[in-house]
Amino acid sequence: MTDVSLPLADGGAVRRDLIRRATGRRIWRRRRFSHVATALCVVAMCLSLTPLVSLLGYIVARGLPAISFGFLVHTPTPIGVPGNGIGNAIVGTVIIVGLAMVMAVPVGVAAALFVVEHPGRLSGTLRFAADVLTGTPSIAIGVFAYAVIALNFGFSALAGSFALAVLMLPIMLRANEEAMFGVPAELWEAGLALGSRRSRVVRSVVLRSALPGMVTGNLLAMARAVGETAPLIFTIFGSQFYALRPTAPMAALPLTIYSDATQPFPAAQQTAWGAALVLVVLVVVVSAAARVVSARLNRKAR
Amino acid sequence: MTTTDEMPASGVTTATLPCRALEEVPRSRDVRRASAPLVSGGAAATPAPAVALHGVSVAFGAHVAVRGVTLSVPGQGVTALVGPSGCGKTSVLRAVNRLHDETGGRVTGRVLLGELDVYASGTPAELVRSRVGMVFQRPNPFPAMNIFDNVVSGLRFCGIRSKSLLADSAEAALRQAALWDVVRDRLREPAVRLSGGQQQRLCIARALAVEPEVLLMDEPCSALDPIATGKIEELIARLASHITIVLVTHNMFQAARVSDHTAVFLLGEDRVGELVEAGTTAEIFSNPKDPRTRAYVTGHVG
Amino acid sequence: MTTEAAIPSPAPSPFSVPGVRQLLDRRPPGRGRLYGVVRWGGAGIFAAVFVALLVSLFEQAAPALGHMGPAILWREWNPAKNQFGAGIFIVGTVITTAIALIISVPVGIAAAVLFAELAPRRIAGPMAAAIEFLAAIPSIVVGLWALIVLEPVFSRHVEPFFKKVPVLDALFHGPALGASLFLAGVVLAIMVLPTMVALSRSAMAAVAVEDREAGRALAATRWQVARQVVVPGARRGIRAAVTLAMGRAFGEAIAVAMVIGNNTGVPHSLLSPGASLGSAIVNSFSEALPGSLEKSGVVALVIVLLAISVVVNAGGQLLLRRRKPTTPPRGPVDATGGAGGPDPLLDLAESAP
C-alpha cells in the first residue's frame, strides 16, 4: 500500500489507533453531557414559559370575575360607586382602530403597488423608510400624532387613529409587497398577454392571488395596533362617556388599563384586569382571524 | 506525532501493533467491545465480514421501502449497491449507521458491524457512527465552518481536543482525499468556497478523519461533472486498500470500474425493494445467476 | 413587533423576469391614469408621513435642543433649573436593556434550541406555537401583571435574595422597593422572550437537514448537532433576533413606566428606582405645559430615543438583508482541479478564526 496517510511511515497507524480508542471511550460521557445540556434547555424553556403562563393565568383568574354584562356595556363610575363598566372603552377601541384601518389599508396597498411596479432607488428608499418606521418606538409615534393633530385640533379619536395608522402603515406596506412579490411572474404575464389593461391585470389577477397574504399581513398589523397604548396616551385623552364623535376625546381599552392599574384601589385594579382580559381576547380574535382568512382564501385560490 | 492526553497509558507499546490485533486487547473501559455482543460461530477460515445484514427491512410508517436484505460486505475493497430508483439502496445504507433513528424510519432485522450488533439495545448510535463514515449524495460541508474545522469536526465531536493530533489528522485525511495540495494554504477559508468536487472530497476527508472502518458512500458523484467524478473514483480505488467501502451508484459503468463486489436491488411485485443477487462484480456483470439481474445489467450496460 | 413583519424574505421582483416590464410599458398611455395616481398617491402619502414625522418632531424639539446643545446627552433632567438632559435616562435605558438581553438571549436561544432540535416534534410544535402566540400579548397587559403580581414578589423575595448573593450584592444594595431598574429589565426580558424564541427558532429551522445529517453521521450527539452545527448555521438569524429584541426593549415606554419607579435622580444600584427614555417621556409629557421649554425637552428625548432605535434597527435590518443562503450551492458543479474563485458575496470577516 502506498503511503497516502502521513509522511511518517507508522505515524498513520499510531494515530489511527489513538483516534479509534478515543472515539469509543468517550461516548457515554458525551451522551451524559448531551442529556445535561438538554435538561438545561428544558429549564430555560420553563423559565421563559413560567412568567407567560402566570400572566395568562392572572388575566383569566382576575379578569373573569370582573366581567359581567353590565361591565361590558356600562360607562365608568367613580371609585366605589357600583355599576362600573368599560363599554365606552370597548366601543372606543373599535372605532379608533377601525378608523385607523380605513386610513392605513388603502395607503398601504397603493404604496405597495408602487414599490412592486417601480423597482429602483425610489422604492428602495421607501422600503428602507418602512423598515426604520417598523422599529420606531410607538411612544415616538404618539408624540408625533400629538404634535401634528392634537396640538392643532385638540385631543380626539382621530388623532389616536392617525397614530395607529402611522404605526401600522410600514408593517402593511411590507406585508402587501411581499404578498405581491409572491405572485408568479407568469400570472402578470398571462394577464398582460391577454391584452387587458394594466389596472385590470392588477385588480383581477395580481390582487386576487396576493389577497391571502395581504389580508393576513393587514390583520396582524391590526392585532398589534389594538393593544398599543403609547400612541393613544397623548392623543385621545380618554372619556367617561359613550363618545362616538371621532373629533372628540374618546376612551380606549389600553388607556383604561393604564390609568386603572396605576391606582391604589382594588376596585380600579379589578377594572384593569377585566379590561385586560377583553383586550387580550380582541387581540387573539384578530390574530386568529388573520390565520383563518388566509387559510380559507388560500384554499379558494387553488 | 506527539503524545497527549489522548494517548492511553500503555499506548507506546500497543501502538506499534497492527490495528486489527489491537481490537483483541481487552480494555474494560473501551465501549467498543464492552457493549458489543458477540456473534457466535462463523467459519474460522474466512475473515469476518466488515458489515453483515441479516433480514434487514426498512419501513417508513406503513410503507415498507425494502424488505429482507441479507448481505455480507467483505472487509476491505468496494461493494457496490446498484438498482433502479426507489428500490431502497439509500435506505439500506442508512440502516448501517443508524441514520434512520432520527428520521422515523423503522429498521428490523440484524446489522453487524464487525462484531458489534448495531441495533442491540446497549449499543449507542454514536458508537456505530464513530466507526462508520458516510458521504452523501450532495456535498454537505458545514457552511458555518472553515475547511480545517470541517475536516476535524468529527474528531471534535468525539471529544478530541489535542491541537497537534487534530492538525496531524486533518493533514492526513486531506492527503488521503487528495485535497491537501489544493487547500493547504486556505485551511481557514469557509468550506463553501470550494468547488463542488472539492467540497465532496472535503466531505470524504471529514469522514476519513475519524478513522472509520467502513465508509458508506451514497451516490457520491451524482452531483459532479465527469472530471470530478473521475477524481472521486480514483480516490475510492486508493482507499479500498485499507478501508471497507459501500458505494451506492446509479452508474453501472462506475460499479464495474471501481467495485470488487456488487449487490443488485430491484423493486419486487408489491413495489417493495429487495436484494436480488450479490457476488463479485465480475460474476454479476458477466454471468449473473438471476434472470432479473441479467435483464437489469444488460439493459444498462450491454 | 410581529414576527411575520420582522423578517423580509428576499423575493425577486416579477419585473426581473425579462419581458414583463416591456409588456407593461407597451400598454397604451393614458388608459391606466387612475391606477398611476393611486400608486404615486400611496407612495407620496407614505413618504409625506415619514417626512412629517421627522420634521414635526425636530420642530417641536428645536427650542430644547438649541437650549441644551450636545450636553443633552449627558446632563440630568431638572425642569426647575431649566435643564433638560437625557443623561440619566440614557443610562437607565442602557441598564434595563442590558438586563433584558442578559436574561432573554441565553434563555431564549436555549428554549429555541429545545424546540428546534432536542424536543420531540409532537411536543415542540404546540409549545413553540404557544410561546409565539404570547408574543402578541399587548405590552400594557404585561405591565399590568408586572405591577400588580411581579412587583410584590420582587420587593419581598427576589430583591432581598440578590442583596445576599456574594458578588452581585455590589450591584444590588439599598432598599428593596420592588419598582426598580432591575424589575424593569426583567419585565422587558419577559416581553422580548417570545420574539427571541420565535425568531431564533425559525432561523434554526432554516438550517439544512443535510448539515444535521452530516453531524449525526460523524457521531455527534443530539446536543452537539444542535450546538455545533445548527446554532452556528443560524447565527445570522439569531443575531438579527437579538437586535430586534434589543430594539423593542429600548423603545418600550408604558410597561417600563409602570415598574421602573420613575426617579430622575442618579441611580446608585440596580434596586434604585430609575427612569428610561421611554418612561421619562410618558411621565414628563403630560406634566409639561404646551409650548413650554420642558415640553420641547420631552420631544428632544423622543429624538434621542428615535436616534438610538434607528441605529439599532438599521443594524438589525442590515444583518437580515446580508443573510446569505445558509446552504452552499449544491447543484451540479464545475471541474475540480482549479481553485474555485472566492465568492464576493461571502465576507471574510465571517469566517476568520
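All chains are identified by letter, namely A, B and C, in their written order; residue positions are counted from 1 within each chain.
Just so we're on the same page, a residue touches a chain if its C-beta (ideal position, glycine included) is under 8 Å from a C-beta of that chain, and two chains touch if they have at least 3 such contacts.
What you see is a predicted model; the values in this text were computed from it and never measured.
Visitor: If every chain is a node and each touching pair gets an edge, what shape is that graph: line, ring, star, complete or other?
Guide: Complete.
Visitor: Going by C-alpha centres, which chain is most central here?
Guide: That would be C.
Visitor: For the chain pairs A-B and B-C, which is connected through the larger number of C-beta pairs in contact?
Guide: When the contacts at B-C and A-B are counted, B-C has more.
Visitor: Report the inter-chain centroid distance for chain A and chain C in whole angstrom, where each centroid is the mean of the CA atoms.
Guide: The mean C-alpha positions of chain A and chain C differ by 14 Å.
Visitor: Let me have the rounded angstrom distance from the C-alpha centre of chain A over to the C-alpha centre of chain B, please.
Guide: Using C-alpha averages as centres, the distance is 49 Å.
Visitor: Find every residue in chain B that makes contact with two or more other chains and list them.
Guide: Correct list: 126-127, 130, 157-158, 210.
Visitor: Scan chain C for residues touching two or more other chains and write them down.
Guide: Residues 219, 221, 224 of chain C each touch two or more of the other chains.
Visitor: Could you say which residues in chain A touch two or more other chains, in rising order?
Guide: Correct list: 23, 27, 30-31.
Visitor: Which residues of chain C touch chain A in their complex?
Guide: Against chain A, chain C makes touches at 1-2, 4-6, 8-9, 11-17, 19-20, 23-24, 27, 31-32, 34-35, 38-43, 45-47, 49-50, 52-53, 56-57, 59-60, 106-108, 110-111, 113-115, 118, 127, 130-131, 133-134, 136-145, 147-150, 190, 193-194, 197, 219, 221-224, 227, 244, 247, 250-254, 258, 278, 281-282, 285-286, 290, 298-299, 302, 305-306, 309-310, 312-314, 316-317.
Visitor: Which residues of chain B touch chain A once you look at their complex with the stated criterion?
Guide: Its residues touching chain A are 1, 6-8, 11, 14-16, 18-19, 22, 29-32, 124, 126-127, 130-131, 155, 157-160, 165, 168-169, 171-172, 175-176, 210-211, 238, 241-242.
Visitor: Where on chain A does chain C make contact in their complex?
Guide: 23, 27, 30-31, 33-35, 37-38, 40-45, 47-49, 51-52, 54-56, 58-59, 106-119, 122, 126, 128-141, 143-144, 146-148, 151, 166, 169, 171, 173-175, 178, 181-185, 188-189, 192-193, 197-199, 202, 216-217, 220-221, 223-224, 226-230, 233-234, 254, 257-258, 261-262, 269, 272-273, 276, 279-280, 283-284, 287
Visitor: Quick check: in the complex, which residue numbers of chain A touch chain B?
Guide: Touching chain B: residues 1-2, 4-6, 8, 10-31 of chain A.
Visitor: Using the touch definition up top, name the residues of chain C that touch chain B in the complex.
Guide: Within the complex, chain C touches chain B at residues 208, 210-221, 224, 228-229, 232-233, 235, 326-340, 342-343, 346, 350-353.
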